[in-house]
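Take a look at the structures listed below.
Each of the two complexes below includes chain A, the first together with chain B, the second together with chain C.
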Partner chain A sequence: MNKLRRSLLLLLLVLAWALAPLLLSRHLIDLFVFAGLFTIGGLGVGLLLGQCGIVNLAQALFYGIGAYSSAYVTVQLGLPSLTGFLAGMLASALIAIAVGWPVLRLTGFFLALATLALSLIGNVLFFEWDWLTGGTLGIGGIPKLSIFGFAFDTPERVYYLVWPIAILVLLLADNLVRGRPGLAMRAMRDAAPAAEVLGVDMHRLKTAMFVICAMLGSLAGSLFAHYVSYISVQSFTVERSIAFLLIPVVAGSASVWGIIAGALFVTFIPELLSGFGDIHQVLFGLALVLVVTLLPDGLIGGADRLAQLLKRRMA
Partner chain B sequence: MSASLVMQAILSGITNGFVYALIGIGLAVIFKGTQIINAMQGEFAVIGAMVTVFALEPAGLPYGLSILLGVISGAAAGVIIDRLFVQPMMRQRAGEESFLLLTIGLAVTLSAAVLYLAGRNSYLLPSWGEEGVIEILDAFLQIQALWLIGTAIIVVVGLRLFYGRTLLGLSMMAASMDPDGAATNGINVRRMRSLTFLLGGTIGAIAGILVAPLVAVNYHMGIALTLKGFAAAILGGLSNPLGAVLGGVTLGLLESLAVVGFPSGYKDVIALAMMIVIMIVMPNGLLGRVGRIGG
Partner chain C sequence: MSGVVELQSLPSRPPHLPATLELSGIAHSFGGFKVLSDVNFAVPQGQIVGLIGPNGSGKSTCFNIVSGFLSPKAGRVLLSGRDMAADSIQARTRQGLMRTFQTPKVFERMSVLENVMVGLHKDGRSGILASMLRTPSARRELDRLRNTAEGACRKFGLGKLLDAQTGRLPAGQRRVVELARAYVGAPRLLLLDEPSSGLNTEEIEQLRGWIAMLNSEGMTILLVSHDMGLMTIADTVHALYFGEIIASGPMTAIQADPRVREAYLGG
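Moving on, here comes the complex of A and B:
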C-alpha cells in the first residue's frame, strides 16, 4: 500500500514536471532551468558537506572553468560543444587534484577559508587572463547546444535537457552514497580515527570527492554558458560560491534528493523577495541566517520534524 | 626599479599590513574567546566606517563624536549578533561548520544591508589629524598611516595587558578554554562570550574607521578584508595578538613588493595563495594549539 502510494506520488511528480512548461510563463521556465543548473553544481558541494563534512566555498571556480572552457572551445576554436564539456571537466578534475591534494589536509574552519580564498583567486585570474576569458567584457555569441541537429534554443527545450541531466547525476550520487564509498565517507565524517583504523584512505577519498564536486560544477558551468550564450566574470564571484554552498545547507546537508529543494530555494526565494524592492537581498540573507539558526537539518529536516509532530498529534 | 619605488612599496606595505593586522586581531580575539572563526569580522570594519561617514556628513556631528558612534555601533553589532544568533546555537551545541555558515550568512546580510542603505558609492573619511604626508627617503607616508600604526600598537599592548593582568581578561580566557570549570568558579560564561564579541566588534570598527581616510569604504569590501585579516592572523599564529601584527606586516610587505614585479591585479592572488600555503605547511603549529585546549 505504502509502496503503491509512493509510486503514484512519483508518477504525479513526473507528470507535473513534464507538463509544467505548457502552463508556466517563460520567465518561470527560465528560473526552473537555473534551478536545474544549481542542482547539478550544488550536488557536488552537497556531497562534500553532507558526506564528508567539508565546507567547499570554491564551486564558482569550477563553474567558471566549465563555462569558460565551453565558451573558448566553441567561440574561439570553433570545435563542437561536446569538446567544451569534456575540456572543462578535464581541466576541473586536474585542477581539483592539484589543489585538492594539498589543501584537503586542512580541516574545519581552515579548509573552509582556504576554499574561499581559492574562489577569490579564481575570480581574479578570470579577470586578469583576458586572452582566455575576455576579462570584464566577457565572451558573447556562445552557440546554443545542439544534439543530432536538434537545437536547444528556447528555455522550454533547455528545461527538458537540464532536468534529466540533474536527475541522472542525483541518481548516480544516490547510488554512490548508498554504496561502500558512502559508508566510508560517513565513517570518516563521524569517527575519523575509527575509519582510518578500518583502512579507509581518508585523504584519497576526500580528494576523489573534491574532484567529483569540481566536475559537477564544471558540467553546470558548461550548460550555463550554452544557455545564456554570454558570460563574464560577474557570474563567477565569491557570492556565487556562497550560493552554491547554501543549496545543501538549506536543503539539509546529508540529503541527496533534498538538493533539488535547496536549488529551488536559492533560485525562487530571491525572485519572490524582489517584490519588496531593493531590500530583497537583505531579506534573503536574513532568511538564510534563520535557516542556519533555527533548522540545523535544513528544510528537509524541518519538514520531517513537522511531519512527525503532526503524526504524534493525530495519534 | 628605482630605490624610491621600493621604499614607497615598503611604506604602503607596512600601512596595509597594519590594516590586516587590526582585522586579524579582531578575528583572533573572537577565536580565543569562543573558538569561532568569525567570517564577518570585515563587516564590523565596514559598519564602523559607514556609521562614522554618515554621522559626519548628513548628520553633521563633530568628527570625534562620529568616531565614537562608529566604534559603539561596531561593539553593539558584536553583542547583538552574539545574543541573537551565537548564544542560541551554542545551546544547541552546533558544530564548527554551522558557526561558519552563520557568520558567512551574516556577512552576506550585512553587506546587502550596507548596499541598501549606502548604495554602491565608496566613501572616504577625513584624516584624523592634519592632512598631509611625510617624506622618508624620497617616498611618502600619509600622516593618517601613523595614526593607524599607532592605534594598532596601542590595541595590541592593551589586549596583552587585558588578557594577562586583569581579572576580567583572565575570566574571559578561562570561560573559553574550559567553560564548565570556569562556571564552577563563578564565572558567567555566557557574559564572557558576549564581552568577547563586544571586544571583537569594537576592534573591527576601529580598524574600519582608521582605514577609511586611506582607502574608500564600500559595501562589498568586507569579505576581502576578512580573508586578509585571517591570513595575517594565521601567519602570526591565531592565539597571539602580537602575531597578527607580525603576520599582517609580513603579508602587506610581500604583497606590495610583489606588485613592483607583477601586474597589480595579482596582489590578492599572492596574498591568498600565501595564506593557503602557510596553513598547509605549518598545520601542526596551528592545529596543535587548537587541539590542546581542554585536553
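Moving on, here comes the complex of A and C:
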C-alpha cells in the first residue's frame, strides 16, 4: 500500500512538473530554471557538508569557472556549447585537485575559512583577468545552448533540460551515498580517527568529493551562462557561495533529495519577500534564522517530523 | 627490583609462537617530557597481551604508536617481522592491525549495521564511479558487505539493533558495536584500548566473553585496561610506569610484584 501511495505521489509530481510550464508565467518558469541550476550546484556543496562534514564556501568559484568557460569557448572561440561544458568541468576538476589536495588537510573552521578565501580569490581573478572574463563589463552575447542542433532557446525548453539533469545528478549522488564510498564518507564525518583506522583514505576521499562538487558547480555555471546569455563578476561573489551553502543547510544537510527543497527555498523565498521592498533581505535573514532554529534537521527533517506526528494523531 | 628482573625474565614470547607484534626500543617524548623510554615487548600470535599502568604511564602513547597515530622518536614497531615505520594508519589496517578507542568512536548518525559495514571497507573494491552507476559488481559487493556485517552483528547480539541509530545506544552497546566493527574485518592483531571503561559489571563480564571468543578464533589481542579483573584474561601482562616497563608476566605475578603494587595499586 505504501509503495502504491508513493508511486502515485511520484506520478503526480512528475505530471505537475511536466505541466507546470504550460500554466506558469514566464517569470515563474525562470525561477524554476534557477532552482534547477541551484539544485545541481547545491548538490555538490550538500554532498560535502552532509556526507563528509566539510563546509565548502568556494562553490561560486567553480560556478564562475563553468560560466566563463562556456562563455569564452562559445563567444571568443566559436566552438560548440558542449565544448564549453567539458572545458569548464575539466578546468574545475583540475583546480579542485590542485587546491583541494593541500587545503583539505585542514578541518573544521580552518577549512571553511580556506574555502571562503578561495571564493574571494576567484572573485578577484574574475575581476582582474578581463582579457578572459570581461571584468566588470562581463561577457555578453553567449549563444543559447544547442545540443546536436537542438537549441534550448526558450525558458520552457531550458526548464525541460535543467530538471532532468538535476534529477540525474541527484540519482547518481543518491547511489553514491548508499554505496561503499558513501559509508566511508559518513564514517569520516562522524568519527574521523575510527574511519582512518578502518582503512578509509580520508584525504583522497575528501579530494575526490571536492572534485565532484567543483564539477557540479561548473555544470550549473555553464547552464547558467547559456541561459542568461550575459555574465559578469557580480554573479560569482562570496554571496553566491553562501547561497549554495544555504541550500543543504536549509534542506537538512544529510538529505540528497532534500537539496531540491533547499534550492526552491533560496530561489523562491527572496522573490516572494521582494514585495516588501527594502526590508526583504532582512526578512529573508529572519526566515533563515527561523528555519535553522525551529527545524534543526532542515526542511526535510521538519517534514518527516510532521508526517510522523500526523501518523500518530491518525492512529 | 630483583622481583622485576625475575618477572622480566619470564618468557613473554614463547619460542614456538612467532611474534605478531614486536616493539623494540620504543621511545617517545612530548616537548621535553619523556613519555616512553626503551619499551620492548612482543605480542605473540594467538595470545592476549595486556598493558597496565597508572594514568600518564604511557599506555595510550604506546597504543598510538602501534596504530600509527604517532611516530616514535626511537625504536621499531614490527608486525610479523616487518617494520611499520613508514606505513600510514590505513596501510597498517590493510596489514591486519585494528584498534578500538578508550571512548568508543562509533559513527553516531549511522545505523548499527552501517557501522559494522564500514569495518569491511578495506576489503571493498567499488569506487565512486562504480557506486554512482550502481554497476552489478558494486551492487554485489555491497550485498556481500551487508550480509557479512549482518552476520557479525548477530554474533555480537546486535541482531535486533541493525537499523538502530548508533548514537542513541547506551555506552555498553556502543562498545559492542565498536568491537563487532573491529572483528568483522578479521584483523590479525586487535588493539583494545580500555574496553571496559564506562561499562557496568555485567557488561564487563560480557565483554570478557567477547574477548575470549575472539581469541579462541585465533585473533591476537593487545589489551590496555585499568580493570584488573578483566586483565586476568591476558596470557602476559606488561606493567608500564613513567614510560618504562617495570614488570612482565602473568597477571597473578604482576599483582604480586611489589614495585607494581607500589606504582600502580598504591602499595
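Heads up, the rule we're going with is that the second predicted complex is superposed on the first by the 315 of 315 C-alpha atoms of A that agree within 3 Å, B and C clash if a C-alpha of one lies under 4 Å from a C-alpha of the other, contacts with A are read in each partner's own complex, and residues count from 1 in each chain.
Everything below uses one rule, namely that a contact is a pair of C-beta atoms (placed from the backbone, for glycine too) under 8 Å apart; a residue touches a chain by one contact, two chains touch by 3 or more.
Source: prediction; values computed, not measured.
Undergrad: In the superposed model on chain A, is it clash or fit for chain B and chain C?
TA: fit
Undergrad: If we overlay the two complexes on their shared chain A, which of chain B and chain C does A:Pro102 touch? Say first, second, both or neither.
TA: So A:Pro102 only meets chain B here.
Undergrad: Have a look and say if chain B or chain C is in touch with more residues of chain A.
TA: B
Undergrad: Return first, second, both or neither, reflecting whether A:Ala191 touches chain B, chain C, both chains, or no partner chain.
TA: After superposition on chain A, A:Ala191 lies in contact with chain C alone.
Undergrad: Mind working out whether A:Glu239 is in touch with chain B, chain C, both or neither, as first, second, both or neither?
TA: first
Undergrad: For A:Val200, select first, second, both or neither according to whether it touches chain B, chain C, the two together, or no partner.
TA: second
Undergrad: Identify the partner contact of A:Ala20: answer first if only chain B is touched, second if only chain C is, both if each is, neither if none is.
TA: neither
Undergrad: Please indicate which partner A:Leu172 is in contact with in the superposed arrangement: first for chain B, second for chain C, both, or neither.
TA: A:Leu172 contacts chain C only, not chain B.
Undergrad: Examine A:Val289 and indicate which partner it touches, taking first as chain B and second as chain C; both and neither are also allowed.
TA: Once the two structures are laid over each other on A, A:Val289 reaches chain B alone.
Undergrad: With both complexes overlaid on chain A, does A:Ala208 touch chain B (first), chain C (second), both or neither?
TA: Only chain C is touched by A:Ala208; chain B is not.
Undergrad: Please provide the least distance in Å between a C-alpha atom of chain B and a C-alpha atom of chain C in the combined superposition.
TA: 12
Undergrad: Both chain B and chain C touch chain A; at which residues?
TA: Touching chain B and chain C on chain A: no residues.
Undergrad: Which residues of chain A touch chain C once you look at their complex with the stated criterion?
TA: Per the touch definition, chain A meets chain C at residues 172-173, 175-176, 178-184, 186-187, 189-191, 193-201, 208, 212, 254.
Undergrad: Using the touch definition from the top, list the residues of chain B that touch chain A in their complex.
TA: 37, 39, 85, 88-89, 92, 94, 96-98, 100-102, 104-106, 108-110, 112-113, 115-116, 223-224, 227, 230-231, 234, 263, 265-266, 268-269, 272-273, 275-276, 279-280, 283, 286-287
Undergrad: In the complex, go through chain C and note every residue touching chain A.
TA: 67, 69, 89-90, 93-94, 98-99, 101, 105-110, 114-115, 117-119, 121-122, 124, 126-128, 130-134, 138, 141-142, 145, 178, 181, 185
Undergrad: Would you mind writing out the residues of chain A in touch with chain B in their complex?
TA: 49, 53, 55, 57, 102-103, 105-110, 112-114, 116-118, 120-121, 124-125, 127-128, 238-239, 242, 245, 249, 278-279, 281-282, 284-286, 288-289, 292-293, 296
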